[in-house]
Every structure is written in C-alpha cells, then in structure tokens.
Amino acid sequence: MTKTFTDIIPADSLFGKLRAKAPDAWQSYVCHDFIKQLGNGTLPEASFKHYLIQDYLFLIQFARAYALAVYKAEDLMAMRQFSATVHAILDMEMSLHLEFCQNWGLSEADIISEPEARACVTYTRYVLDQGMQGDVVDLQVALMPCMVGYAEIANRLMASSDTVLEGNPYRAWIEMYASEEFQDVAKAEIDLLEHTAAKRGGNARIEGLTQTFATASRLEADFWQMGLDLAK
Amino acid sequence: MTKTFTDIIPADSLFGKLRAKAPDAWQSYVCHDFIKQLGNGTLPEASFKHYLIQDYLFLIQFARAYALAVYKAEDLMAMRQFSATVHAILDMEMSLHLEFCQNWGLSEADIISEPEARACVTYTRYVLDQGMQGDVVDLQVALMPCMVGYAEIANRLMASSDTVLEGNPYRAWIEMYASEEFQDVAKAEIDLLEHTAAKRGGNARIEGLTQTFATASRLEADFWQMGLDLAK
Amino acid sequence: MTKTFTDIIPADSLFGKLRAKAPDAWQSYVCHDFIKQLGNGTLPEASFKHYLIQDYLFLIQFARAYALAVYKAEDLMAMRQFSATVHAILDMEMSLHLEFCQNWGLSEADIISEPEARACVTYTRYVLDQGMQGDVVDLQVALMPCMVGYAEIANRLMASSDTVLEGNPYRAWIEMYASEEFQDVAKAEIDLLEHTAAKRGGNARIEGLTQTFATASRLEADFWQMGLDLAK
Amino acid sequence: MTKTFTDIIPADSLFGKLRAKAPDAWQSYVCHDFIKQLGNGTLPEASFKHYLIQDYLFLIQFARAYALAVYKAEDLMAMRQFSATVHAILDMEMSLHLEFCQNWGLSEADIISEPEARACVTYTRYVLDQGMQGDVVDLQVALMPCMVGYAEIANRLMASSDTVLEGNPYRAWIEMYASEEFQDVAKAEIDLLEHTAAKRGGNARIEGLTQTFATASRLEADFWQMGLDLAK
C-alpha cells in the first residue's frame, strides 16, 4: 500500500509515538489483506458479511468500553467527550450499521442470532480488562486503534493506486470512514489522549503503553483475519 | 407530612417492596427536616446554597455511576436508558443546575472551588463501590433512592397542607421535581429495575438488596442534614 | 471416554444444574482430543509443552480473577476461601508449575519470554470482564470450569479403559489432578458457589448463568485445541 | 507532638514527596487529639472501644482494597506482596484484633452487630473507588496513609515526651505499631510504591496523587475524630 497518505496522527503526539514504537503491529492491522481486498473490490462478499455481523456485536462491547471511560475520566471535558461517543454508538451508529447490513441482505435477526466470534471476544474483553486494571489512559490506548485505525485505513485506501472506487461494492464503507465527519472524530480522540495523558504521566509510561497499543493493534488485525477466514 | 400523595412506586414492584421493608430509612430521607423547611419556605438560604453547591459536585459522581450502569447492563435496552441518563446529566442537568445556582448568586467558580463535603463523598462512593462489587441490580438499588426519592419528595410536598408555594423561595425547586417530565424519568427507573431484576433473580435477593436500599436512603438523609448543618 | 467415573459434582447443586443445561459445551471441554491423547500417552510432546507454557501465563490472570472474587465476596467466609486460592496460586502452584516445566526441559526464562496465546487471552479476559460486569456468582461460574473441569477430567481419565498410566509421560499430570488434595479443592469450589448463590438468587438466574458456563467451557476447550494446534 | 522521631519515610521517595506536599492533611491525621490522648493515656475508654469496633469493620473493606491491588498489579512481585497483605488481614490480623477486643470486654458478637460508622464508610469506599477509577498507583496512594501513618504515629508517640507508657491502658496498641515487625511492613509498602510508580509515571503525576493522598489523610483523621465523638 502507498506510503503517502493524509496522516492525521501528529508524530509528536502520544499516539504518534506509540505508532512509531510498534510499527509492525500497526502495519499488520492497517495494511491487512482484508483491507487490500476491500480496497480493490476483490474481497469475497461472505467475508465482508461475516465482518459486518461481528462488527455489530463488537459495537455493543465498544459502547461498554466508552462507558467505562466516562467512569474513569477525571474531568468533565473528558467525561463529556466519552459520553458523546457512548451515545453516538448506541443511538446512532448501531442503527446506521443495521441499515448498512440490510443493504447487504442481513436482517437484525440474522445478526443478533449470531454468537460473538473468538476474535471479537478476544479484542473487546482485552480492552475492557486493560481499562479496568489500569487508568483512563490505558483504556484509551487499548481503544484507540479501532477508531483512529479505521480513519488511517480509509485515508490510505483513498491515496492508494491499488484502490478501485468505481464499481467497488465496498465503496460506501471506504467513503464513510474517509468522510470529514469520521476523520474529525478520530482527531478528537487523539487530542483527548493528549489531554488525559498530560495529567497522568503519559510520556513517562510509554513502554507499558506501547505493549497495550501493540497488543490491541494485533487483535484488530485478527478481526480482519476472522473476516477472511470466516472464523467463528 | 401527609400520608396521602401521588405515589408513583407500585407496591408490588421490586422498588415498592424494598421501600416497604425499610420504612424507617426511607422516611428519614423523604420526610427530612430539610424538606419540611423547604416546603414551608423557612429553610435558611445558607443551607439551600450549601446543598446546591454539593448537589453539583454530586452530579459528577452520579454521572460516573450511571456510566458504570451502562458498562454493567446486559441488554441494549438497559444500556440505552442508562446512557440517556449519563448524557442528560452531563449535557443538560449540569448546565441547568449552574443556571439555577446563578439565580441564587452562586457562580460556577464558587461551586467548582468548593471541596466535596463528607456526606457527598460517602453517598457517592458507597454507590459506586456497591455497584462495582455487585451487579447492575445492586447498582440500581443503590442509585435509585436519589431520583425516585426526589420524585416522591416533590409529590409529598405538593400534597401536604404544610407546604406553602406562594412566595416560597424554593418553589421552583419543588415544581421542577413535581413536573411530569421528572416524574416520568423516575417511573422509567422503576420500570427498568423490574426489567433487569427479572433476569437476575431480583426477588430472591430481597434481603441483601434491602440493606443496600436502606443504607443508600440513610446516606441521602445525611445529605439533607449536611445542608441544615452547613457541614463540610 | 467412559461414562462411569467418580463424579464430584452433585446433580442438584447449582454447578450440577449448569452442567446439565449445557452438556455439549462441557463435553467439548472435558472430553477434548487433547485429553484423550494425554490419557493414552500419544499426545505430542510439543503440544504438551506449548500447553504448559501457556498454562503458566494463564495462572497469572487466574490469580487476578480470584483476587477480584475476594473484592466481590460479601462475607468473610467467602473472602477467606478466595484469598486462600490467590495465595495458593501465587506462592505455591506457580513454583510447582515451574518445577514441573523444568522436568520437561522448560526454564522459567523460556516461559516468561513467550507471549500469551490468543486462547489464553480470550478465556482469561472473558472471565475477568464477566466477573467485573456481574457479581461474585457470575465470576465464580466463569471461573469454575477450570478447577472443577480439571478434577472431572482426571476422574474420567482414571476411570477410562483407554487410559494408559504405565509408561505414560503425562502420568504425573493426571495423578496430580486426580489426587485427593486437588479433588477437595474442586469440591470446596462447588460448595462455595452453593453458599454465595443462595444469597444472590442463583437458581432464579440459571438462564444467564448457563450462557456464562457454556462460553467459559468452550473457551477452555479452545485452550486444549491451542495445545494440539501449537497455536499462537 | 515532637518533631524528632524515627522517620521511616525517605524524603526523596514518592510517598515522602506526597507527605511534603500536603503537610496539613498529614498532620491532621498523625497528630490528631485522639492520638495525643492515647499517648498520654487520657483517652476515654468508650472512645477507644468505639474505634476498635469500627477498626474491625474497616479491616474487611481494607482486605477488599488489597485484593483489588492484586487484580491491578502488573507484575508478580507486586501481586505477591499485595496478596500477602490480603492473607495477613483476613487470616491473622482479624483474629488478633478480636483477641485484642476481648481484652477490652468486646465480644465478636458485639462487634459484628455494629453497623459501619459514616467515617468508616467514607474512607473505605473512597479508597476503593479511587483505586478502581485509577490504576494501582492511585490505589496505593489512597491506601498507604493507613499502614504507613500508623507506623509514623507509633514512632512519634515513642519519641514524644508527652507519651506515658507506664500504666497507660493503650500501651499494647502503641507497642504493636512501634514493633519492628509492623515497621517493616510499612517500609515494604513504601518500597512497593517506588517500584510500581517507576513504571507508571509516578513523579509526573504528583499533582493528582497529592490530592488523593491529602483526601485519604483527612478521611483517616475523621476516623480518629469519630472515636472521640463516638459518632455513628
């Protein structure tokens, strides 16, 4: 994939430093084959549908994790930003997701009846436990590969000569995450980490946080692999 | 205070049973002297202002507790209702509270600079720990005396011959909690407890839940007493 | 495998009822191929060593989960029993495990340098999150397939005509878990669940608890599969 | 009280820095009137007995908090030290405490039947919530005023010319906490904080940790005041 793309992660931000310290884990996630195939339109439909179903189940746990962040945050500004994300997931994203799924012939009943795949359990429960064991910064670092990674993935796809938008069945997916609105949400997450980490010794904790960041990125890569493998 | 008032708590609901099993603790809260003086307008202004300041600090912890309930809830319906409460507290109630405080000559700076009084720390941290130690039902039972109690207090005041609305400086407070909007929120809390408790053996846990309910009610009564005593 | 073995789980205990309600998940765990091969001595050494390493990493998270149970327990008797388990894991089992590993040519350095396999992350973080989200009973039901399952596995192997103890390289493993000492620990866990569940509506929560029990059993089965597959 | 005493807190340790940044809160605790009267033997027996009863109830919550620290710790060394404290509290200190109480005419039944006083609820639930909201360092800083403070109190009393050991009914209490054994436990806590804080940006978080330290110290002072006031 291309190396020049609109990079929204400032190199000198804490998240930028984490990415620089665990490049392999990050690459395994943002340049995964699932993404390449999605970008050029060759991804098997069954893989995409399996991913879509699991992504819905993922959102439930993701909402729990952001709710935990509200509980853990230490000032009103951070509490409000996390709460807005909980609200957005539960009351907007989930129904948008169901609409999107319907366009792929998946009903709510289809989705709800499916058990969580291992890759979904692993990543979400890892995030939740990491966040509960540590503080709000640990939780954010475990959570952020999701939203910020999707933003980077979309930007990489938009910049890549391998990407085919014309006639690509996954075009709507790519454009949703490349949208200014979604990019702004990801940027706000990066800024919020700067804010909370500043009060909680973030830079002095870079070694431990890097481990969390790398593990979370690898578990996100597993989520793509689950799609390719149709793994339960 | 009067014994006939619009009672929104069904006797055969779990919350109704808890109230019936711990009448002294509940009465010490909903019929506290602070409330009687507020109802007849004789409450010292300093007591009310002290209460208002602490109630703002209380809301921050209260939002954390409802966020914990989102994390703990086991279905989307419950998650959404708790999330709506978090959102309402952080993005509406707190600014309404500040406006209300301004009418009493209290600026945001006055409020924020004040440390949490003991009665505020005790009640909120008790709720948070009880909720973390137990499940969502334990958390709800510890939380509910607040919202449902305020609804009952307002209904009792509206029905009491001791209450003086005309010229009462606290009239707006009484009418806010007697409003249909607030009463509906309290009723929805009672219904939600029925819903979550049904899945989690609520009635079979009545003894333990009664202890939580009684302790939470007494700690709410302490909050009123803190206002009367101007206690730090 | 044989159907007649020394069954330490009383049919009318809560754990017995859970086992009866999710027989497939339980069987997939206690009658896994890994166990059959271990019983007749044909399990590849590499599989056993991979399991041993991961089991050590598992113990660390397991100790955290029992510590969480101390935090969550509601009486001193339960707190003491859980605390004894934490103490036993951290200060006895882990060093016994290292000794055992040394006999298989695995040094502490070999073990510590290995990252947690996915199956280990999935099961342990699922248990920890389930326990944090719910109450002590939810935590116990998620935890118990481990200790009680190992006890049943050993009893099944001891009773099975397929089992070969003579010259079986895994004989020490089987006899350790078949020992009276270990069986007593497992029985004490079953009794403790009766004790805590009685106060917390256990029988009225059987549907939800069955889901937790079944998921935990399946994730335990995954742990055996990880050994067979040498999966990372 | 005297200013020269055997000071076990190194000035350049994190705990030493916290003490230096919140001297008033710390003094309010370690030089409280309850302690002065205990030192010269004039403390009313009723105050001491009330304190003893509440201190037993406190130990239950304290054990929960150290169990939480096991869950939160990030390496085996820290997990083992916290686990040893849980074990010591539940299986040794609590029975020693009951023996001690019996010498004062208080039976286990007397103690268990007593409800937790507000000051006990406030301090313990504050510690538990602070620890759950933050990380292991936040938890340690909230917990440590207890054990380390008692060690300093005993050393201050032993060094003070106001202290009367001869004929002092509280002599056994003073000597217990001045004992080498207890002092070593307190020193080990100080060392463990150095260890965990080093990995988690402790010094960079000094402002936030100072607030926790100061609040915990003041809530400990409240515990003494509760004894003097015989407060419920």
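By letter and in written order, the chains are A, B, C and D; residue numbering begins at 1 in each of them.
Definition applied: contacts are C-beta pairs under 8 Å (C-beta built on N, C-alpha and C of every residue); 3 or more make two chains touch, one makes a residue touch a chain.
None of the values given here were measured: they were computed from a predicted structure.
A count of contacting C-beta pairs for A-B and for A-C identifies A-B as the more extensively joined pair. Set against the Cα centre of chain C, the chain with the most distant centre is B.
Centres computed as Cα averages put chain A at a distance of 37 Å from chain B. Between chain A and chain D the centroid-to-centroid distance comes to 44 Å (mean Cα coordinates, whole Å). Computed from the mean C-alpha positions, the centre of chain A lies at a distance of 33 Å from the centre of chain C. Residue numbers of chain B whose C-beta contacts span two or more other chains: 64, 71, 132-133. Chain contact summary for the complex, chain C toward chain A: residues 64, 118, 121-122, 125-126, 128-129, 132-133, 219, 222. Listing the residues of chain C that touch chain B in their complex gives 71-72, 74, 132-135, 138, 199-205, 207-208. Contact residues on chain A toward chain B in their complex (touch as defined above): 60, 63-64, 67-68, 70-71, 76, 79-80, 82-84, 86-87, 90-91, 94.
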